[in-house]
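Each of the two complexes below includes chain A, the first together with chain B, the second together with chain C.
Let's turn to the complex of A and B:
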């Protein structure tokens, strides 16, 4: 019996394997965290230090770079635009997407497969490219260079995820709960608001946050569709050649911080969302 | 409202929205690409493909995808299997590994710029170790290999997480009994991985690869942050047509080319990793 013999003969190799395993986990964590740490050092150093050589490997906790960032012309407006666009995207994608997620999980109807295909199709396309024809359409309708126009494009990016995620969330709530509410005198609407909604709210929040991050991070469409009302990503991209290093690093840092918080907030849902959304 | 009409009412907003902002723009972009003012023409495509930068940017995009995607697939598989048998600290490790999921490509480019720029951390380390006496300007035309490496590393760093999440979710769906049975029959860990994990993970692998490959053809901000104009890719050329040259017809033609490449690769991946009917868990 091979398993038995290896068990007896191999406590040493097993312990060695354990160390290799732990070392690999630590190494991969460092691979993610060390570049972020370097960005943190640069952000929390004075502009002179950022442009000097060699670099310190500890931050000096100087707010000079961040102060320069805050004082740079137009950047606070760009930050405000980013937040507005992401907020609008979040609201629109949930309001439009969640009803469809509910319909997919609760009803069998003709055309359901075609609808699912449309949703899945959107994910198989490089969506930011849509910004090119939309630029023309927006000029005709007066939506060009507006926060609302850009958030419409970002909603297109976020909506497939919103539908698929809410679909998997609603599927996790047994239909029997709703039926019980109906027999106790609830209508379809009150059963939904009193029974399903409270159960689903944390998940909805998680997918809303996900929509926020999608919009917050998007670069190409933002750069194509805005000129005066740039978002933070578009602003930084536009000024990549001309802006000093400390501005880039502080800007990068401001882009990363919400991402860290949001991933932490939705970590519980991350895998459930993706696991079922893929089927 | 009765149950026959209700589902249609519920999906109406999404359908209308996607028709207006997803399907309609495709018609528009095709129209833009195939016309220069008077009727149907292939001039835009001829112009775009004939430009001297086109073969370089196509080659760069494909090379980058070819270098990055296999490494990410291997790395994501390794991380997913490691996390799968972790007893303590699983949540913390998963959180750390999924951090890049929330980081934009522009921010990732800036992060790796902090390492590779002339007064950056790589130069600081190398000079601290005495390998170089003066800081080297890595991200210049004299070091095309390093520019490529920096972009590839930034891409691997940023976008492995999306594959990891899909694969971890997929591995979680594989019944533990299969592994127990395999262990009873004396299958080695490697055998269990190749005979159980990989085949049953096929649907997740499919999704992960499709998403990742499409993202690879969209690579844009990372490249601009690290290589600037040194490393032209399809997406940055499209952007240049739209903005610097103000030629939206050519930009639309580029968009359709990127689209065609993406769809082509999606079909190849779907075909190569197709799941036999009735063989899902």
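Let's turn to the complex of A and C:
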């Protein structure tokens, strides 16, 4: 191509490029936002409207569907179970994940890189493959159909993220700060609690919230491993074909909203995690 | 009393030997500077004394007590780090008081000592601020105040001024020297800056490739370098070297000139500082390559017998590129080195 044609073509190409770019952004946003919008409209409409056709494009702000949801037999127990399991998952994954993240960032040991990769690889292992042996083992140990048993599985799912997020947090704190604390009269432990912990507390909170969301959204293990003590996701899945449309919408809404809000709140730390994990 | 003794300390990182058999005694209340180029092991030695690194071999004694098995907090030391290490989540007050709080001192005692050291370092106005709201120089002051507030037996400083700009560095240098002289602590100060070392030290330990080459007073290190490395490292510009061949009877041939020297029969290196040369009728013939007027002096880079040779001359002289100067070395300032061992010859 000669320089002349390049000069003539450049503005056109650039403008076309911009249109493609904008179109792609709009499409991606629509992909995410349109279903959410329909979820919102249908949740905030009366059951009659939800089940009629055509659908409205604006919410009625009728709390009938949500009211029906709250009154549906077993749903509040399921909601309580979801919160309990997610809460336990959050606590356990931080208690196990944060020390691992600290060790990864502060100590050199043989196989450190392999260990980091292995942590990530646990996420590549499909849960359905594990479900049957897990269910058998849980029945044998009496962990089946318990909140604790399920949160153990969810902790396993959340730990890789807890480790990677806390690893990147600890790595962001100069070792010199800890060493300064040691020379000022701290032991390793007091230096950690007085210097490192206050500095990473916001990040730890974010990592905990992320673990909560992972558990909150998880449906497969929850559906396989619980019968009586179903979490909200498992409960809705179980009643998918029998429950009326407005219940599904309200349930979906209740599941999606906390996850969205939480993820939005901790997005900064998730980026940090990928920044490190992609290296 | 806090005399520091380092006995046969060696450090290996894997197969890399960072320190070789270091032996050094630092007197009580002495200001000792560890001087050397980057990578020569200064920080490693300081960290071994602090207890942040363990020596592969050897012993560290502080105040008559063997400490190399003790954690940093039990060694009676305080340390100032190169990057300040001011705690970002605490105010300046709480930073300076951090070590005192760890000792569980009563509140009013903490307050008294924090205010006193903050006053010494001229940061009394900043006690309520966080490190993010301080300049580099102010952070440096906080780091020093935090160490001083501990009233330690020994204060260890790792290039504390290297992140400051030149003017601030000069100001802090004098201030730090004054404050430490007041405080009766033994100080070990690491730097790669020879001006800092010369101006602050009671004694300088010049390090090279994991060894201490010379430990002596600044003027001794400058006037009587123990090895060629020291002669070429200290002084700006450093010493000039020329090969010398024996001409018998304590006479030496240097660049075609006959000079007095030690009575030896093997070839030596002749050495002279650039400021110890005078233009004269007889002396070394030097062809001028570059003339740099520095205000107070004239720095002249020449070639003597094909070797690089510098002279610091009076700025009133008119010297031009291509001129030939006859430079006479001041006899009592001439030094001789053995090229085999690189050590000084008396």
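We adopt the following convention: the second predicted complex is superposed on the first by the 242 of 279 C-alpha atoms of A that agree within 3 Å, B and C clash if a C-alpha of one lies under 4 Å from a C-alpha of the other, contacts with A are read in each partner's own complex, and residues count from 1 in each chain.
Throughout what follows, a residue touches a chain if its C-beta (ideal position, glycine included) is under 8 Å from a C-beta of that chain, and two chains touch if they have at least 3 such contacts.
Since the model is a prediction, treat every value here as computed from it, not as a measurement.
K.L.:
Output check: A:100 vs chain B and chain C. Expected answer is one of first, second, both, neither. What do you get?
P.N.:
Touch partner of A:100: chain B, not chain C.
K.L.:
Given the touch rule stated above, what does A:220 touch, chain B (first), chain C (second), both, or neither?
P.N.:
In the superposition, A:220 contacts chain B only.
K.L.:
Figure out whether A:179 sits in contact with chain B (first) or chain C (second), or with both, or with neither.
P.N.:
A:179: touches chain C, not chain B.
K.L.:
Between chain B and chain C, point out the one touching more chain A residues.
P.N.:
Chain A has more residues touched by B than by the other partner.
K.L.:
Quick check on the superposed pair: does A:129 touch chain B, chain C, both, or neither? Answer first, second, both or neither.
P.N.:
A:129 sits against chain B, while chain C stays out of touch.
K.L.:
In the superposed arrangement, which partner chain does A:51 touch: chain B (first), chain C (second), both, or neither?
P.N.:
In the superposed model, A:51 contacts chain B only, not chain C.
K.L.:
On the A-aligned overlay, A:155 touches which partner chain: chain B = first, chain C = second, or both, or neither?
P.N.:
In the superposition, A:155 contacts chain B only.
K.L.:
Taking the superposition as given, does A:198 touch the first partner, chain B, the second, chain C, both, or neither?
P.N.:
Second partner only, chain C.
K.L.:
Can you tell me which positions in chain A touch chain C when the two form their complex?
P.N.:
Touch list, chain A to chain C: 174, 176-177, 179-187, 190, 194-195, 198-199.
K.L.:
Under the definition above, what is the set of chain A residues touching chain B in their complex?
P.N.:
1-3, 21, 24-25, 28-29, 31-33, 35-36, 38-39, 42, 51-55, 57, 95-97, 99-100, 102-104, 106-107, 109, 112, 115, 118-119, 122-130, 132-137, 152-153, 155-156, 159, 163, 188, 213, 216-220, 223-224, 233, 236-237, 240-241, 245, 248-249, 251-252, 255-256, 258-260, 262-264, 267, 270-272, 274-276, 278-279
K.L.:
Under the definition above, what is the set of chain B residues touching chain A in their complex?
P.N.:
1, 3-4, 6-8, 10-11, 13-15, 17-18, 21-22, 25-26, 28-29, 32, 78-79, 82, 86, 91, 93-107, 110-115, 117-121, 123-124, 127-128, 135, 157, 165-166, 168-170, 172-173, 183, 186, 203-204, 207, 210-211, 214, 217-218, 220-221, 224-225, 228, 235, 238-239, 242-243, 248, 251-252, 255, 258-259, 262-263, 266
K.L.:
Looking at the complex, which residues from chain C come into contact with chain A?
P.N.:
Chain C residues touching chain A: 50-52, 71-73, 77-79, 81-83, 85, 87-89, 98-99, 102-103, 146, 150.
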